[in-house]
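Pasting a structure here, questions to come.
Chain naming follows the written order as A, B and C, and within any one chain the residues start at number 1.
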Amino acid sequence: MLPKSIRLSSIAIYSATFILGVLSLLYPFISSAIVQNTPTGQAGFGHTPLMLTVLLSLSLVVLIYEVQGQVNTKVIALLGVLIAINASLRFIEVGIPGPGGFSPIFLLIILAGYLYGGRFGFLLGALTMLVSALVTGGVGPWLPSQMFAAGWVGMSAPILRPFVQRTSSYSNSKNQSSRIELLALILFGFFWGFLYGVIMNLWSWPYFVDPVGQYGSQGISTIELISRYTSYYLLSSFFWDLSRAFGTALLLFAFGIPILSVLRRFLHKLTFQHDQTNLQEHQFQAAIETVLKDSIHIPQ
Amino acid sequence: MISFQSVTFSYPGADRPAIQDVDLVIAEGMLALVCGLSGSGKSTLLRCINGLVPHFSGGTLRGAIRIAGLDPVQESPNMMSRHVGFVFQDPESQFVVDRVEDEIAFALENAAMPVDEMHTRVEVAMDMLKLTPLRNRSLDNLSGGEKQRVALASALVLKPNILVLDEPTSQLDAGSADELLQLLVQLKGEHNLTVILAEHRLERILPYTDQMIYLDKSVPGVLSGRPRDILSLISLGPPVVKLANRFGWEPKPLGVEEAKKFISTSIINPIKKVSFSSESNYKQPYIQVSDLDIHIGTKQILDGINLNLFPGEILVLMGPNGAGKSTLLRSIVGLQPINSGSISVANQSISGKHVSDICQKVGYLPQDPNALLFAESVSEELQITIHNHHLNPDDMHPDELLRFLGISEKRDSYPRDLSVGEKQRVALAAITITQPGAIILDEPTRGLDYEAKQDLITLLKIWCAEGMGVLLVTHDVEMAAATADRIALIDQGRITAVGDPVEVSASSGLFSPQITLLFPGSGWLTPEDVTL
Amino acid sequence: MINTWTWFIWIAAVLIALSVTRNPLYIILILLCLFLLDTQLALKSRITNGADDNRSIPVSPFRIALMLITLSAVFNAAISHYGETVLFSLPTSFPLIGGSITVEAFVYGALNGLVLFGIFYAFFILNRALSVRRLIRVIPRAFYPVAVVTSIAITFIPNTIRQYHQIREAQSVRGHRMRGIRDWLPLLIPLLTGGLERALSLSESMSARGLAASTANQEVWWGRIMVLFGLLLLLIGWILTLFTDWLLFGSLLLISGIGLLLIVLWLIGRSTPHSTYILEKWTWQDALILSGVAAVISALLFPLPFIDKETLHYEVYPTMHLPGFDPFIGILLLGLLMPAILIYISNISVQE
């Protein structure tokens, strides 16, 4: 296939998985009005929370398949080690202390995604969740949406680059970070601290409240549903998310610049090109003979 | 056959080539020993053999390489993996899976080998390296030596004809290192392997070496030939070789047994080395450990330890793995809580004191200097220690210290990019900037080349002459012989011997340098002591 | 040894059962099956390891059950105000929760909590039954890079933790103390730098052992087209079932989309040059468990003549009433008990 068509199909796959993912999360809002239209009024095949989770997992699987196509051994090793560090932060004594939904993992996901690109960020985010779940015995239906959300955090981080580039003399090769860059990262971390909670709530809502089964049969408008979701969100996890957002922002503020400088230093070791000037085959044969003759001693 | 023809290689962005104009032939079935100081291009040379250079490293390669008829630059490391097995330096960072058996199978899985054959090969490889009893073990629980055996099995399981090892013993203690090299020699014989080995520890491997290859960063090309020929041209070498160079013995002996031929018993005139180092020569110990007991869980690690370190002496602590050496060191600086007994530093008991307060009086160099270094520059590292201890920066003289340690040119460098020896210097600077009365070093010779080791010995002797007490834990017998004023042996949590090195070496097989083996009863420890 | 895929199929059956019915009697029956399996697995790990599985969650599942059910009940009562048996009313001026609090909403919430607990408990058991290694091994071949990354991460976690403790000691030796958040820096930076350096040597070691640099993704061009096609089928099918009356057609598209994606990924996996060291076998035990699963699925999804499927649909609203119970469905649901029986038998034979 031509590179151009690879690019196109790649974009198409990204978009389709994105739409599918968003749709399966926002589905209760869209479908509430619809369920009454269906002949039975019963929530059917595509409507159970588990079915949504299955769809979400599938689009996640396809997205991972697409993203992993670009990795080489260096990226594989680097991802593995960074994920190990991220997952270990949980086990290190009290971890980095903090209340509620605070979690130190977003720090590395955001910074690595920002510097090493969206694909890297996506894999780092999604697989950090997978590995954490594996080692803590936390594999469950919540895992796909956690992986999706954390993957999106890393995938979206490079969006900051053009913004930072325009406002300051940003350069990837220079080992320097500007104030604007740090500020942008902090705001970004704060924003995702919340959004991650919103996404996880969108996932858990159908399980917890079963809005379609419960409200749909009663007939309820989308606006009313949104206000119900909002109250669910505010009651269940607003403060939780607030601590995550502040925590992530604080970590970025405290460690952002030094970690960026470490990651930047390493960047050139990940990317390289080699050129070579080889001898022709016949020259080589002749050369070998002289070496054999000249060497001090060839042990037998 | 392995052949290099005018090979020159530069890493990306480097201002000079890592190896230059290398012409080299290694015939089949040889054991080739690659030596040279750190930074001389040993690793680069080895990596050319399986195509990691330039495929993995990037950079510019000129010249031609043929490995068993293949050109690793045209092939990828992936293809070369079937012909060349590779074992790396650090046993901690080469494993993908956490179970011994699965790890060995990893290369076979990548080669898409049928399941039945895979199982046969894994069994054979485990048998060869005596890993069968460990097959279900987690790699995390293995010792360094066992880990390197797993790495060796993982490299051999693809049945390569060529085996390349890049300083495989540098992170191991002496016992495991000897065992690994012994096993390697045996495997080479049984399976007709061509072995290319980079190694600092020449004592054990020299007698089996067919070909020696020497690299020097200031001279292009390599010196290659019989070990005896090469050894007379270079300054590296184990004590017997140094002795042979001094007295003009020919052909050069490579081990103690060969050297014995040159010694006629009549010329040996045993003179007892005058001992300056009994405890009574010193007045007041700087570090005093009395009746120390330590339990970890239900296990007794230290049992009634009494040990003193006096100002102006180098005390070497030796003992097998798990004897409690590290625990003792860590308890002195307060990292390990003690069960009973007492420790005092500079006449003050350490109980109740914070680690950082104790360490202002006693510098402690951990095994891995990397754990210390995190600043952007060498001089910043020193400032951080000064700041940590709330010392007045005007009283400290970081520049002087850096000059004394020979790293003042590196003051603005990024510490992590320095060589192993230089990193150790920076770490030493960071812990001695507080001007402690004593320093403690835990296995400081790991990964050091001969030159860096010599520099370290000189440094310790100067500090010692200035009145500092030095407590050194090492497995390196020659290092101990060259530095010790006193030696203490520890086994199963008890001090079994302490005193003059000559006396201790006479009473225990654990401490017996080459020269002592060559001249038993002479009281000589190092080549410099020998008077014929 | 029960095959990993058998476990997956078994848990899928549990999940289907839990999502098809809201009848508390059936749900409790399912939970009973899970409980018996859990106790047998705990016994097994005590026999083989001499201790409980260290990976299991420190909180007991029953505390979680209590928490989930209460939380869900109170929550639902506060938010949804349907139902006719009103307990009391909160003034409508209360933000978010104003309105009448009903018994039905309580019960609905509690039932929901029960189902949630069932889902949680089933996965809790899965995590107990399958080791991390077995879970990584089933990552399909098309995802080989992901499998390697996951494996490396698991291998390096203990290593990283040890590293961290070394660094902390080394820093305290040079006078470092923990006072504020910035004092984490001397610990984090060496951990990260050391990790990056390790990653480089690790990737060298992997290259030297023949891990191919790129995956088959680029070469298998038809794979990408088919994946895209499968996604489109799935998306269109789902939208049809949601927004139109073409339920059957939509569902058909949806299912064929899922099927296509799975088949394509399987084919791509087969075309990657790679083999697997440890292959799990299928035994008669798997056959028994799968037949149990078949019984459950047929009771729940297919219209069998002797079964009263109406008892599955239990609706609390508008007024509370007692649920019905069909003994046939109850007996068929016990098919989920099969793994518990098999492990019970093996436990007994081991103990003797």
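Basically, a residue touches a chain if its C-beta (ideal position, glycine included) is under 8 Å from a C-beta of that chain, and two chains touch if they have at least 3 such contacts.
Note that the structure is a prediction, hence the values are computed from the model and not measured.
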In terms of Cα-based centroids, which chain occupies the most central position?
A
Top chain pair, ranked by how many C-beta pairs fall in contact
A-C
Centroid from C-alpha atoms only, then distance subunit A to subunit C, rounded to Å. What do you get?
20
If you average the CA atoms of subunit B and of subunit C, how far apart do the two points sit, in angstrom?
48
Once you find the CA centre of subunit A and the CA centre of subunit B, what distance in Å lies between them?
41
If I count partner chains per residue in subunit C, which residues reach a count of at least 2?
148, 151-152, 154-155, 159, 185, 189, 193, 198, 202-203, 206-207, 211, 213
Mind pulling the subunit A residues that touch 2 or more other chains?
73-74
Counting only residues that touch at least 2 other chains, which ones in subunit B make the list?
55-56
Within their complex, subunit B touches subunit A through residues 3-6, 12-13, 23-25, 27, 30, 54-64, 66, 71, 73, 210-211, 223-226, 229, 376, 414
If we count contacts the way the header does, which residues on subunit B are in touch with subunit C in the complex?
47, 50, 52, 55-56, 76-78, 81-82, 84-86, 88-90, 92-99, 101-102, 105-115, 118-119, 122, 139-140, 151, 154-155, 158, 330, 333, 335, 354-356, 359-360, 364, 366, 368, 370-374, 384-385, 388-389, 416, 430-431, 434
Subunit B-touching residues of subunit A, taken from the complex the two chains share
73-74, 261, 265, 268, 272-279, 283-284, 287-288, 291-292, 294-300
Where on subunit C is subunit A touching in the complex?
15-16, 19, 53, 55-57, 72, 75-76, 78-80, 82, 96-97, 108, 112, 116, 119-120, 123-124, 126-128, 132, 135-136, 142-143, 145-146, 148-157, 159-161, 164, 181-182, 184-185, 188-189, 191-193, 195-196, 198-200, 202-203, 206-207, 211, 213-215, 217-218, 221, 224-225, 227-228, 230-232, 234-235, 238, 241-243, 245, 247, 250-251, 254, 258, 261, 265, 268, 317
Residue set of subunit A touching subunit C in the complex reads 1, 6, 9-10, 12-13, 16-17, 19-20, 23, 27, 30-31, 34, 37-39, 44-46, 48-51, 54-55, 58-59, 61-62, 64-66, 68-74, 76-85, 87-88, 91-92, 96, 108, 123, 127, 130-131, 134-141, 207-210, 214-215, 217-218, 228, 231-232, 234-236, 250-251, 254-255, 258-259, 262-263, 266, 269
